[in-house]
Amino acid sequence: MHIFILKRLLMMIPVLLGVVFIMFVISQLTPGDPVLAILGEVATPEAVAALREQMGLDQPWLMQFFNYVVGVVQLDFGTSWQSGRPVFTEIFARFPNTMQLAGMGVAFALLMGIPLGIVSAVKQYSIFDTGATFVGLIGVSIPNFWLGMMMIMFFTVTLGWLPPTGFTEPIQWIMPTIAIGTNSAAIIMRMTRSSMLECIRQDYVRTARAKGQIERKVIFRHALKNALIPVTTTAGLSFGFLLGGAVLTETIFAIPGLGAFMVSAFFNRDWPVAIGGVLLIAVSFSFVNLFVDILYAFIDPRIRSQYR
Amino acid sequence: MANELYRGKLLNISDLSIHFFIEEGTVHAVNGLNIALAPGETIGLVGETGAGKTTTALGIMRLVQSPPGMVVEGKIEFEGRDLLEISEAEMRKVRGSKISMIFQDPMTSLNPTIPVRDQIAEVVLLHENVSAQQALFKAEEMLEKVGIRKERSREYPHQFSGGMRQRVGIAIALACNPALLISDEPTTALDVTIQAQVLELMKDLKVEFNTAMIMITHDLGIVAEICDKVAIMYAGSVVETADKYELFKNPKHPYTIGLFNSLPDIEKDEDRLVPIKGLMPDPMNLPPGCPFHPRCDRAMPQCSEIVPENTEVADGHVVRCLLYEAEHNKEKGV
Amino acid sequence: MENAIQSNTDLKPKKRRSQFGEIWKRFKRNPLAIVGLVLIVLMFLMAALADVIAPGDGVFAGYNLQDWNRIRQFPSAEHWFGTDDIGRDVFSRVVHGSRISLQVGFVVIIIGITVGIPLGAIAGYYKGILDNVIMRFIDILLAVPNILLAIAIAAALGPGITNVMIAVGIGAIPIYARTVRAQVLAVKEQEFVEAARAAGANDFRIIRRHILPNCMAPVIVEASMGMAGAIMAAAGLSFIGLGAQAPTPEWGAMLADGRLRMLAGYWHLTLFPGLMIALIIFALNMMGDGLRDALDPKLRSGGFSKKRFRRIQLAKAAAQNNSGEGQ
Amino acid sequence: MTKRLLLLLSMLIIAVLVVAACGNGAADAPADVDQPAQQQEQPEQPDEPVVEPPADGTGRTHLNIVSANLAVSMDPHESNDSASAQQNKQMFSTLLFQCYDTFGPLPALAVAWDTPDAQTVNIELRQGVTFHNGDPLTAADVQFSLERAAASAEMGIIIGMLDSVTIHDDYNLTLHLEDNFAPILAHLAHPGTSIIPMNHVLAVGDDAFAQEPVGTGPFAFDNLVIGDRLELVRNDNYWGNLPQVESITWRQVPDPSTRLIEVSAGTADVAVDIAPADIPTAQADPNVNLITRQNLALNDWISLNTSRPPLDDIRVRQAIDYALDTEAIMRTAWGELGSPARGPISDIVWGFSPQAVREVNLDRARELLAEAGHADGFDLEIWWNTGNIQRMQVAEMVQFALTPLGINVEVHGMEWPTILELTAVTDPALTEHDMFIIGWVSVTADADYGLFPVFHSDNFGGAGNRAFWANAEVDELLLQGRSSVDPVERMEIYDRVQAIVAYEVPVIPIRQGMTAFAISPDLNGFTIAPQGHHSYAPVWFD
């Protein structure tokens, strides 16, 4: 197991290096001069040259890439071109909000999706199942940013119940969580349902019934644990999806998170922040996937023995 | 009338029909099936894939997937009670303790996420008034009994070979000393050498526990090995049933005869086997009359019109074929 | 008797036409899938007839006709969906927007498929270093959440619907590459491929003629769902300002513009475009579900006839009651 | 000629009137634009706009501000965005303060100053001023600060003309400029020339200083939650009137509608910048006090690239101007927020002279195009920066309005840095743009700041002249304008420049900027600064 984790951690390195490299290539291809982005409407050539040198942009980009990687190894992600603050500081000031948002979204998705999926599968062909399937389809189809807007329209503008934005008070968490989590909840519901349907048709579930086990235990002790294996993958993928989805949700609900910040970094050509942010999200995504794989091992002993 | 013919002491299935209602149509999986079994007796249920053997077994356990499956008619009398009439809670008390089942594929019929010991203990805990500790102890005992060292009892199914897993399946089935054991092709998925071991084990344990058994198989060799009686199934019903020796010696139904002819016989040095022509009928679209008549060498015109009745051609030897029905009726002077 | 069983499976290679007929038959049975299909057809009709529904030409097309004296009007008989910030008819814009979204969906899928399938096929077929290189590249693409990757690429390419399609399309590559690779790995070892190889077919021919056709079912399902995802992602990019160029009536961009008027109560600027995005994705997902069920051999006889089941159940209950009374 | 005289006369009268406005009731009001070179008397009343002092201190003492952005950098010399200027204004002081009405200099850290010529400024510092960390303010801090600002890329445009600083004693110093630069006093009031504590900055380093700034402003830095909020506390040793408000929380709320809702709901007291769409909502809301004021920006104009055909032809540019109803365009896109532009600088900027706006005349436009050989029209691109929806609408409206002339306009949204880069090349031959929308704030309220970078041909590209418009006479006039110390002469110069610009149409001005704030009804004493550097020192609650 330890070796497995170590191997996975080592495999992350080239992937993350690749991510940084691709981001560097993108930064080179992207039009828009970061120096001018800082200086604005009026920028004299002298000021531009001075700032360019100060930012190290006068070096060839492969050199910049090399320097960046050397810096990252020492946990130095450079400084934001816009604010002059270390990228590390800038990002970690916002990252907790994004993680919280994505985390709450996943929690919402799991809490809604798994129970609904189970009931829907167990009561296959019932009215509940038909309804849940239909609602699930709508949940998959509704764009999260539009859902967020419609919720603001209804709960804030029309009813005046919920604050439209912000992320400090728990009451402000409600709408963003639902907005970001609904797609995933529906996906997880559908996944749980089909996975459960498959599992309750499995021979070992029949075996459990043949033992005279009561239905509730058949479902929860025997079917669910196995059904959760693909759901775990989906939940892990959802987390990545939500880290990305946070971009839009944060914009709509004015949450000071990494997603919205990175979008503005892209727009302002603040590449140290953009690259650092993408790197951090890639790292967290990789760790979530690793965590999911470890979770597998806990659920499924077959996988546990493969991990040696 | 048929019921009287098949009156057994332990299990008496009469006119059982199980249908599946799927979108494409109604699958007539089991149609008017009759089986009787005395305590300690073993009956071999023989037929091709799709003949309705497994559905029958699940029907006895009341484990037919419903929907889409449903027992349309019939009775399953077990120890004097009709299992189709009792409540689900009562049925649960029967499953695993009075009637248990060994499934066809040991690779899939054990829960991959639970150690084998706990899977055996589960059934013990359900039906015997013991503590969890005692149940686990009993489980290890059962494992030893089926030839698995108790050191391995905490391992998971995937750590065992197919044969070993089927041993675990047997341990689960016999843990509560059931009166009836249904074995659904327990050796089909195993290597030939392992098959023999497992069969041997089952035979021994059956004797030890004095369990009646329904052995579902398509292998007449296995029937010869361990059964007392044989029931040949075709298209959802039993077409011929008899004592093992009687049947092997004197098969009556054209289908039974066809089955024997398609087996290789080392003693007769034949060049070619004689397979039964044609295919099993589509259970959604059974032919009228005798379901076997399209494939039957000896089919008569009326075979496609009249559904044959059970005919007792010898003591305990019952055939469902118009050939014998007519003869029998003549003899009886009806 | 074993022979009899054998002969049952010998029937496997079926004629193509009947296969499509089979799929269509199964697809047809699913009412949700049919609703999805009908919605998609309507969507196509709307796109095709946009110029008839909202007539005009070029800058003076119906969707672009400005009237600076009628800005931000609420829905009325004249303007069913109201008017926008510079006095354009929102209904006409929504109708014309269907063209963009359908186009985005298709182009993204085509990019994903034309790049993803060969990559996946090559990786799966040749294994070894090539596989490793391709899959590590795919891993890199997968390590960054899709929308973020699309934002980065779209930022590099600049705003515009073509660039959005490229950006989302690149993000779609990994799914197809992985699906095809897994399929190829499974199919590769089957007998008919061995047979083709033994018959001297070269690799390209084997992949094209024998392996890929057998990988298509999951790709088709993936594509119909992927189209929905692509439309959603593109709308998201438009929403943050990386999408279609003004004055193209792109639904996501319309949402983004309307959002600024939302709290002031101009609900019609966000409701209708958003509804259309949701509707088209909904339709594609329903159709995708139907296709998956129709194409999945495991689910071929999955459906259960509730009507007949209930009828027999009731008849049985009635019969039991009767016999009970009779006693 | 009589017209010109009349103009000058009216300007002078206006100037006198506005002097009175900033006179603060004192007879020895600081002189203003008329006499920039004159020795100033220092009034005892320092700083800040003229407000009634609060009657008593019974109101709330904590102020909640919401704005779209937090300061990009809290180092006043390292940022030139408006959010940074607005926040740094609370923490730092400048040598001078610029009157909100007359834009004349008022004493701040400097109590007296004189400009013997357009190249020299003598400063006498206020005594007894301390920084937030207790360091006393001396001439060395001023020298350090101004030289640091002059060397910074961001602030080059504000104070880059500084050559050297001579210190006479702790409280007297002289600034020497590289060239004649008449508007220097206005520049010394810009937050980019804020005075920072030399010893402290040298001790902690630039980065640490930017994290935890120390100044002499009315409020001191307390805490920053990056991306979320800035917290300030009152500077009890403030050299001016002690603020009534004891602390400020400054939160980032990017969405303008939400900022309005926050004030309406009482969770914020000041919403910085209200969007055009929300102006009617704010007006109708009894829980909100909407205050607006014209600012110094000419926020939006269409820049025409005069170096590339067909826009290199003056007739084509004039034809386009004839085809565009700029007032209708402005009102459609911005509604009440702003006013139609009447020239290339805001009409409250010193040096503005009204020019006739071309009335919409499509026939004349067609004539001009025919004369230029474009009777059949041509293709053009118009660029706007993504995220600025009003500019997008302007682009769409321009496209719509030019179509009848046969001009086929392609609307092209790009990110701001891309537009800046593509229009920043210095060689006109390398340009790719036709038209794009941009704006500029004459933050010093002097026409030089508004016109020189944008229209002098030395400033092609990034330096400001993105229309690549070269006119020898204008070049000459603009140089004269910044070196002359005679306001009458300068006024004449800028009038001529604006007339030429209006005739040759290198830019089509659309909108004069307006600042709109929503404040809670119990907040008093807040004045919008047209420069954009609002002060919260004088505010109090009922």
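All chains are identified by letter, namely A, B, C and D, in their written order; residue positions are counted from 1 within each chain.
Here is the rule we go by: contacts are C-beta pairs under 8 Å (C-beta built on N, C-alpha and C of every residue); 3 or more make two chains touch, one makes a residue touch a chain.
Every value quoted in this text rests on a predicted model; they were computed, and no experiment measured them.
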item	value
Pair sharing more residue contacts (C-beta pairs) when C-D is set against A-C	A-C
Approximate Å spacing (C-alpha centroids) for the pair chain A, chain B	52
Length of the line joining the C-alpha centres of chain A and chain C, rounded to whole Å	22
Centroid distance [mean C-alpha coordinates] between chain D and chain B, Å	92
Chain D, residues touching no fewer than two other chains	257-258, 261, 386-387, 414-415, 418
Set of chain A residues in contact with two or more other chains	31, 125, 156, 164, 251, 267
Per-residue multi-chain contacts in chain B, two or more chains	67
Chain contact topology (line, ring, star, complete or other)	other
Pairwise chain contacts under the document criterion	A-B, A-C, A-D, B-C, C-D
Touching residues on chain A, where the partner in the complex is chain B	125, 201-204, 206-214, 221-222, 225-226, 299-302, 305
Residue ranges of chain C in contact with chain B within the complex	1-5, 7-8, 29, 301, 303-306, 308-309, 312-313, 316
Contact footprint of chain D on chain A as seen in their complex	31-34, 36-48, 50-51, 54, 82-85, 89-90, 93-94, 156, 163-166, 251, 254, 256-257, 260-261, 267-269
Touch list for chain A against partner chain C, complex	14-16, 18-19, 22-23, 26-27, 29-31, 125, 133-134, 137-138, 140-143, 145-146, 149-150, 152-153, 156-157, 164, 240-241, 243-245, 247-248, 251-252, 259, 262-263, 266-267, 274, 278, 281-282, 285-286
Interface residues, chain C side, partner chain A - complex	32, 136-137, 139-140, 143-148, 151-153, 155-158, 228, 232, 235-236, 239-241, 255, 259, 262-263, 265, 267, 270-271, 274, 277-279, 281-282, 285-286, 289, 304, 306
